[in-house]
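Take a look at the structures below.
The same subunit A turns up in both complexes below, where it pairs with subunit B and then with subunit C.
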Partner chain A sequence: MRKKLAWTMAISLILVFLALPWLLALQGLSWNLPGLTAELWRYPGIGTAITTSLLCGVSATLLSTCLASLFISKSEGSRQLKGSGLSLTFAAPHLAFAIAFLWLLTPYGWIDRLIPWLTLGFEQQSLTTLITILVIKETPFLVVLGRQQLAQLPHQQWLLQAQILGASRTRGWWLVVFPAWLRQMRLLIIAVAIYSVAVVDIALVAGPLNPPLLGPLLMSWQQQFGVAEQNLAAQGLWLVLAAGVFMVAWVKLQEWSVKRLCRGLLRRAGGNHRWLPEGAISVSLQLLKWVLLAVTLLSGLALLAMSLGQGWFYPRLTPLEWQFAEAWQLALGSLPVVVMTLALALATAVMVTVILVTLREWQRLRGHEFADIWFIAALLIPQLGLVIAWLQAESLPVVSMHAEHAWLLTWYAHCWFAFAYSYLSYAPAERACSQMHLNLGRSLGYGYWKSWWYFKRPALRDALKHCLLVSFLVSLAQYVPTVLLGSGYIQTLTTELVALSSGAELRLPAIIASVLWVLAALAILMTARGAPASAPIRKLTGREE
Partner chain B sequence: MRQFHLALRMTVVVFLWLTFSFSSNAAEQQPVRFYAWGGSAEVNAYIEWASTELAAEHGIALEHVRVADISEAVTLLLAARPDEPVAIDLLWINGENFAALKQANRLLGELPRQVPNAVNLREDLNWQNDFGTPVDGYELPWGIAQLQLIVRSSRLETGQTILAPSQLLALAQQTPGRFSYPKPPSFHGTSWLKALAFQLLEQPEQLLEPAPQHAAEVLAPLWRYLDQLHPLLWRGGEEFPVTAARQRQLYNQGVVDNSVTFNPNEVAALQQQLKLAPDAVSVSLGSRALTNFHYLAVPVASQRQQAALQVIQFFLSAAAQQRKADPSGWGDPSVVRIDESQARLFPSHPEPHVSWNHALEQGWLARYQR
Partner chain C sequence: MNKHRAADSSVELSRCQLLWRDGKQVELPPCQLAPGETLGVMGPSGCGKSTWLRWLLGVQQDYVDVAGAIYFGSRRVDHLPIEERSTGMVMQDQSLFPHYSVADNLAFALRAQRLGRQQRQQVIAGQLDALGLAGYQQRLPQQLSGGEKARISLLRAVLARPQLILLDEPFNGLDAARRRQVCEWTYAFLREQRIAAIIVSHDAADLSGAQQRLQWPESGNRKDEE
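And then the complex of A and B:
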């Protein structure tokens, strides 16, 4: 009875944790929908803004999905493609990477100064540049989490069966494993698609601005206080939501097309002929991997150089002065902010993991699965609109004047947003994990959580590490909730980076961005380490390494 | 699972540390939470200096809450219930943000009466109107802003201090793709349009009156000029830097040959700090420059109004203003009478009536944002 009560209390708290922000948002959200005659449609350049946003979302999603699929397919057979090079790109904070990318690769940038005859084609404020940066950043995200999703599928058995039926390994991969993997990846790809269509931070730095994409346009309206702008902001929020729905449909269409193609090919199967230029693909991927690694390393070095040098005026290859001592002092000065950032990110990672594990175990215990959409819906709504709706909800004072309240509110918001991303990483893995070993433990006389700890947890080791990692990284990157809910009491590396980047400074943002990158890279390194799961557990769960 | 244990332990330690810092800091000094733009290292350093001085002299702990845009603080103030205490004690503000807060009755009034140093404010400055909105004692000026162009010296004649719109057009014709301006409706972008309008309109005094119904006709010379200029600008006038700060980065990177500033001392100050290319000089767009002010204001819901007023009193002292005007630091001209004003100010014309903002911004967007 006590155990049942404890479960009920825990789950009630979790449901309140998940539902409360929605209730507040519904209260604070403006229901000013853009009808056919709405002012929004008369806003100059709105057609272009919608077209470019959708083009950006579709291209970035399609390209990063294709590249991630190729990387995943080839990493099965190639040890070289399994390396941690992509993880380094994954670790790079979006904004920091974009700043360094532009400084290096646009006209009059550092590479242009070094090799003036080389035309790279990346302009400042261009859609091509923005899509390229998004693809470079999102492909590693899909590869790193895609490997984890692949591990949940018995793909080796499927490949073996395909080979027994006479298909080559490659053909077996693309026709049997790939559609299942793509289905498994759906939610992660949707997260990428929504981010790409509503992107704000990188779009402001690298994307077109006349007109801007929908994300920055909505933000600019929300930062103005005239009646007309507030009206546009309310209607624009629904437009961005609609763009998000369009992207969900696009991801489904992608998946459907792939399935249809694969089914057609399967029907005509039989020949074991070479049907893909495998050699060319392998070489291209190797090359691409090295290019990605080189761009990432160069971007990291560029940030470091920008942190140390002062006066990089065109056409100089080196700065007027190297200021090591000043840079060190500035980095030391950011130490309290680093501690605050770490505290928030660690607390978020731990809390989100605990909540997710409890929620999943409760669902397994009850044998009842909720649709994923209930848990990842936060990803479908532009964050700025959601946070402003919270601020305007009247039933709960969200704006706080006490540091402790501000801390709690910010932590809550970080956990809530991180939960959606971590759910995408953890839930599918947990779902694929057998309860057999946990039940075995219970039959040996262990309590539920003791059995979970000793028998199920080792099987979920990678999923738990990814859950911790993803929530840590999401917390590191939070800007809007930290600024608006933290009431200025919470200053993290990201709020510092955005505040400093609003000026023309190069060195200070570069120092903060470098520290942020190092923290993210350290988190990835820490979660990448560790011994493989023990053989008995692997046998019990049927999970492959 | 060692990482999990490690993460858990680190979290506990950091929480304890934070709890300790919160409790130990709060005990001794009266905190004042100052929301101010944090995009300039020099401005941040100046506020840090002020914070040290205030702590030593007045027992006030000035906390600089750095924001990317002060509208973030305005959002917070407008979202709070009017009777609810807020975490913002002092704001660095002007323009539309001030107008929004004043209209919503969220600012403390009668500041000149409550800040003794307000009597030292320079009488020759027309600070009583903030972008067309009467100040009415709800804010006090902190510094002077004057729109000037930053141009590569090689594009100008030696000693040239004024660049008329026709000269700028000629320069753009000689070097297509090398000039630009911040995109309206950004602060600097709209100011650029205002400054051009003063130069190009047949009767510029019309700008001081409310914008009439036929504002588009009045502004026709401005649009004709921009129609000629745009194809000669960076990216063919199809793209514009989003802010003046972004344009300065493009200038330093060699992408464009001009930028804009609202700080008359900024060129010298930034060159001294190696943050602006040494070949940059400042010139006035036309014979008179658009001049306005940036201000300090106290939210009416602040629980530490007296301490916030003491901070304003300090900021308006001769010593603090002198330090602010120092070109080796921020270099922002003084609003109080001090021994020597180091700013090179051009003859000025005032801000147009606030209603022109809308006419200029909407007119520009309708024509050039497609």
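And then the complex of A and C:
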């Protein structure tokens, strides 16, 4: 009876967690079915906003996919490219990185002061700068998760077969492994595409201003109380969703083109003549990896220096003076925001991990798995569109209480968005883990969850730590749900950073960005350490070695 | 090794010694295979048969040292990379590329023959027809039965025109009736194509069509000998 109740509760939790947001979104959309009126099309700069948003989405997706593909192909044969350099860039919080990038590489930035004759071409708020930041951040994301996806393919066997049939290893990689890997990466690439086309946080800091991209424009409409703006926001919601559909089509087109090209080359007669400048690509990628690493490290240092320095006017290379005490005071002043950020991120990490584990075990017990797309659907729809749809669903009590329970609602949204990313990291590892030990434990008389805790959890230790880490980091970076659902009651480091970065004062944003970076780094360090996998079993058996 | 090499199309393997890192060692006698001739190698699972096959294929294996030589006619090939060794392989799971159609899988093997598009399509259609698989060009590997996969895997290996084909437990995963059928077809097809082959299996029935047989020798231990 107790067992049945526990499972009923688990299933209800999963259903409420997975299904409710979609019901809310549908409710919001059905309450709000305006046609795209002339009013929207007459809005100054709307055409440019749409074009630049699509251009941003397409360029960032294409470039980061190409770079990630090259990194993955080369990391097979190169120990240097397998290293953790890209992981470091991947781990840097988006927004903190963007702030530091701007300060380093735009005109009047630190590199400009160091090497005045060097023109990098990055303007403070421009489409090029935004696309560059997105590519720098999304490439490591695709590489790190792409390696996991590659591990699920029997690619070594395919490469061997290709070689047996007379193709070189490189040719075998591009003709046989690459199309399959790209297909495996489809959902992740769509996630990148959707994020890039409807980006809000980085676009507010580094994107073009006049007119802004679709994301910031829609956000500004939503945050104004005028009827006209609210009407525009309601229509803009459909525009963002349409941009999302366009990006899905674009990713499919990318994949289709690659498949056709590979099929053509596969059938084409010929030997293993060099059709790619292998050496040049390897060297370029090594160089790029070091540049990314250098930019990431320099960005971290730049934030630290900006936090501690006072009077850092152009063209000075160093600040007039270093003020540690003042910086410390300013950092202490942001303590309530730090506490709120930490509380949200920790609660999100724990909740997401619990739901993810329960969901996977439930699927295992059912003996039938749902397709991944159902669990990461939150990544495949523009976040801004979803959140605005939830806000439109005012008739539902869970939304109408948001003024009093802003924290709860924000946490719920954080969990939901973090879940999709964590699913991508946890599910493949869990699938690869045998149920044998868990079943063995059950056959010895342990209950399901006790057996899971003692026998399966140790095998999944790294995956669980990674799941906690990913949820924590995703929660740290959430901007749109925190601002819109928190409705001013919830301030996190990310929302503060966006709010402050538009001002002339650099020091406070730098301090907040540094704290954000430090929190992310601490989380990574803490999850990198831990007890050995056998510790719970030793505790169970009372054996201490 | 013999000073006089056999005819150019024959395959000759010298005495071969496999030495594992843990001290286990196996010594295999020399053998010679004429075109279309098959060597059946039998031994229990885990005795080192697949390791030997991978060495014949040219795969680097850091857990074992192998001393021996492979000659195709007068040409020594054991130093060549996999793609230049003219050795095909059919593995236990047949290893067709699952995301490519049957025609694409076969076309990959035909690349080196530099055929025109129409000629290539004719070759593929003709070969599939001969195998009783006419019209299978656009099917994906997951749409094939175990026996069909086995036949197409061997056909793909044969189309690359290797001098030697290695078959590692090729009939595993087939039911008894189909296993017998595919087994008989394989030997007949290899004879017809005049390609030397080595088939390893732990089941004597799989090797009934082989002209030469080798029982995998008992492994010794270098440390014991010392």
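Observations on the model:
Everything that follows uses one rule, which is that the second predicted complex is superposed on the first by the 373 of 545 C-alpha atoms of A that agree within 3 Å, B and C clash if a C-alpha of one lies under 4 Å from a C-alpha of the other, contacts with A are read in each partner's own complex, and residues count from 1 in each chain.
Methods note: a residue touches a chain if its C-beta (ideal position, glycine included) is under 8 Å from a C-beta of that chain, and two chains touch if they have at least 3 such contacts.
These numbers were taken from a predicted model, which means no experiment stands behind them.
Using the contact criterion defined above for the overlaid structures, shared-chain residue A:252 touches neither subunit B nor subunit C, since it reaches no partner. In the superposition on chain A, A:450 makes contact with neither subunit B nor subunit C. Contacts of A:158 after superposition: subunit C is touched, whereas subunit B is not reached. Contacts of A:526 after superposition on the shared chain: subunit B is touched, whereas subunit C is not. By the document's definition of touching, of the two partners only subunit C reaches A:180; subunit B does not. Residue contacts after overlaying the shared chain place A:260 against neither subunit B nor subunit C. Looking at the superposed arrangement, the partner reaching more residues of subunit A, out of subunit B and subunit C, is B. Judged by the document's definition of touching, no subunit A residue lies at the interface with subunit B and also at the interface with subunit C. Taken in their complex, subunit C has these residues touching subunit A: 57, 59, 81-83, 87-89, 91, 95, 97-100, 104, 107-117, 120, 156-157, 160. Contact residues of subunit A toward subunit C in the complex are 154, 157-158, 160-169, 175-176, 179-180, 183, 263, 266-272.
Those residues of subunit B that touch subunit A in the shared complex are 1-4, 6-8, 10-11, 14-15, 17-18, 22, 26, 33, 35, 37-41, 63, 65-69, 71-76, 78-81, 84-88, 96-97, 99-100, 183, 185, 235, 238-246, 248-250, 252-255, 273-275, 277-278, 303, 358, 365-366, 368-370.
Contact residues of subunit A toward subunit B in the complex are 43-45, 48, 103, 106-109, 123-126, 204, 208-212, 220, 222-226, 310-315, 319-321, 339-340, 342-343, 346-347, 349-350, 353, 388, 391-392, 394, 397-404, 406-407, 457, 461, 464-465, 468, 483-484, 487-489, 491, 495-496, 498-508, 526-527, 529-530.
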